[in-house]
Amino acid sequence: MIKVQQEDFSLASEYEALWADAPKIGAIVTFTGLVRDFNADESVTGLFLEHYPGMTEKVLAQLVEDAKKRWPIINVRIIHRIGELKASDQIVFVGVNSEHREAAFAACEFLMDFLKTKAPFWKKEQRQSGDTWVEAKATDQERATRWQS
Amino acid sequence: MIKVQQEDFSLASEYEALWADAPKIGAIVTFTGLVRDFNADESVTGLFLEHYPGMTEKVLAQLVEDAKKRWPIINVRIIHRIGELKASDQIVFVGVNSEHREAAFAACEFLMDFLKTKAPFWKKEQRQSGDTWVEAKATDQERATRWQS
Amino acid sequence: MVKILYFARLRDQLSCAEEQFELAVGKSSIDEIKRQLAARGDPWSEVMQDMNLLVAVNQVIVEPTAIVEPGDEVGFFPPVTGG
Amino acid sequence: MVKILYFARLRDQLSCAEEQFELAVGKSSIDEIKRQLAARGDPWSEVMQDMNLLVAVNQVIVEPTAIVEPGDEVGFFPPVTGG
């Protein structure tokens, strides 16, 4: 299940859906990304998330396929929000279930690392002085390359 | 927050509590362990979880301290159930929040690996032919030693 | 003709979200398209020479040597910052 | 006197959950206590010779060379299987 949407999401519902595969599964790992306090930069009033419709879904579906090839995971649920967000808002959810925890942890982190570096989303910080596109982080690239070894 | 209890728990409530640290935090990772279908062994009718009262809480508190020394995590919530459980039941919850995802993922997996090998819980499978204590797995020991490198 | 899409900072810099673009010959490489777009002068030349510029053909990231055919969708965008 | 607790499979094997145990001298090592318990014969000797036997003093896992004093709580148990 991959969704790109403006609306907020319910972690409880996503978790219930992943739990539905029990008793075949023994482990559920969830990651939620939240809007932080803009690095304590008080001039930032909000965040805007843009994406490349169609390509985003395609990239995420490919990442899920890649993860399923690498680990014996059963189901994956990904939600990424777009549009205007404010501090503390949920941005992204990745949930994975599996028989064992190793696969669920690894696949969930793998999906987040590649979502961060491959999925066409862009963040813009909204300021009173004007909007600023967020710069990509070298550390995110490094984390993604870890998985190649 | 560390709890050892018979009652079931609500992942939604635990998640809400971890979300309450926003906007300081940008990442929440949760792990839930469920009772699997007893390796398709149909003679198993349920699971019983015993623990060493007092020591369990002490060990878990120490593991949380260890995790906080290793990673810049903000809050940790651990719940482990004891007593009678059946297939698909939730057994254990570990939730971690942090500014960044790397720390939250690592600390959550670290806590589970050491909970599995250090916290005094024991599982007994209930069968029509009599109860059997579950054997410890070498793979769990190996996963815990990973963190020493 | 190919459809070219510009995203995020690029769209703002170019004041252009989408255009129909006539290929010089039947097929073109992405490099050739970038050269033609850069020939429009600034801000186009600046954007097309950015080392970090990413490009997708039919919604799949490609190298600049990739070949584009009529009817393809080309997307230009900066490094992604989602999640 | 020390309080000795037995858990899980051990408790079932020994049919004993808890006992008060008189230390031979003022203090004893865990190894010494294990020797005394093993001297009771089976099933005690079998349990106390198990390589995988774990022991905690005052709820902290210790090596068999650890010293126990009167009033301490000693727990014997098999490898843990929670989570």
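The letters A, B, C and D name the chains in turn, as written, and every chain counts its residues from 1.
Basically, contacts are C-beta pairs under 8 Å (C-beta built on N, C-alpha and C of every residue); 3 or more make two chains touch, one makes a residue touch a chain.
Note that this is a predicted model, so its numbers are computed, not measured.
Peer 1: Going only between touching chains, how few steps reach subunit D from subunit B?
Peer 2: Minimal hop count between subunit B and subunit D: 1.
Peer 1: Taking each chain's centre as the mean of its CA atoms, how far is subunit C from subunit D in angstrom?
Peer 2: So the centroids are 73 Å from each other.
Peer 1: Using the average of all C-alpha atoms in each chain as its centre, how far is it in Å between subunit B and subunit C?
Peer 2: About 49 Å separates the centre of subunit B from that of subunit C.
Peer 1: Cα centroid separation between subunit A and subunit C, in whole Å?
Peer 2: Once rounded, the distance between the two centres reads 26 Å.
Peer 1: Give me the residue numbers in subunit B that touch at least two other chains, ranges are fine.
Peer 2: In subunit B, residues 33, 112 touch at least two other chains, as defined above.
Peer 1: Give every touching pair of chains, nothing left out.
Peer 2: A-B, A-C, B-D
Peer 1: With touch defined as at the start, can you tell me which subunit C residues reach subunit A in the complex?
Peer 2: The contact residues of subunit C facing subunit A are 5, 7-9, 12, 52, 56, 59-61, 75, 77-83.
Peer 1: Enumerate the contact residues on subunit A facing subunit C in the complex.
Peer 2: Listed in rising order, the residues of subunit A that touch subunit C are 33, 49-52, 54-55, 58-59, 80, 91-92, 112, 115-124, 133-137.
Peer 1: In their complex, what parts of subunit B are in touch with subunit A?
Peer 2: That would be residues 11-12, 15, 19, 22-38, 87-88, 99, 101-102, 104-105, 108-109, 112, 143 of subunit B.
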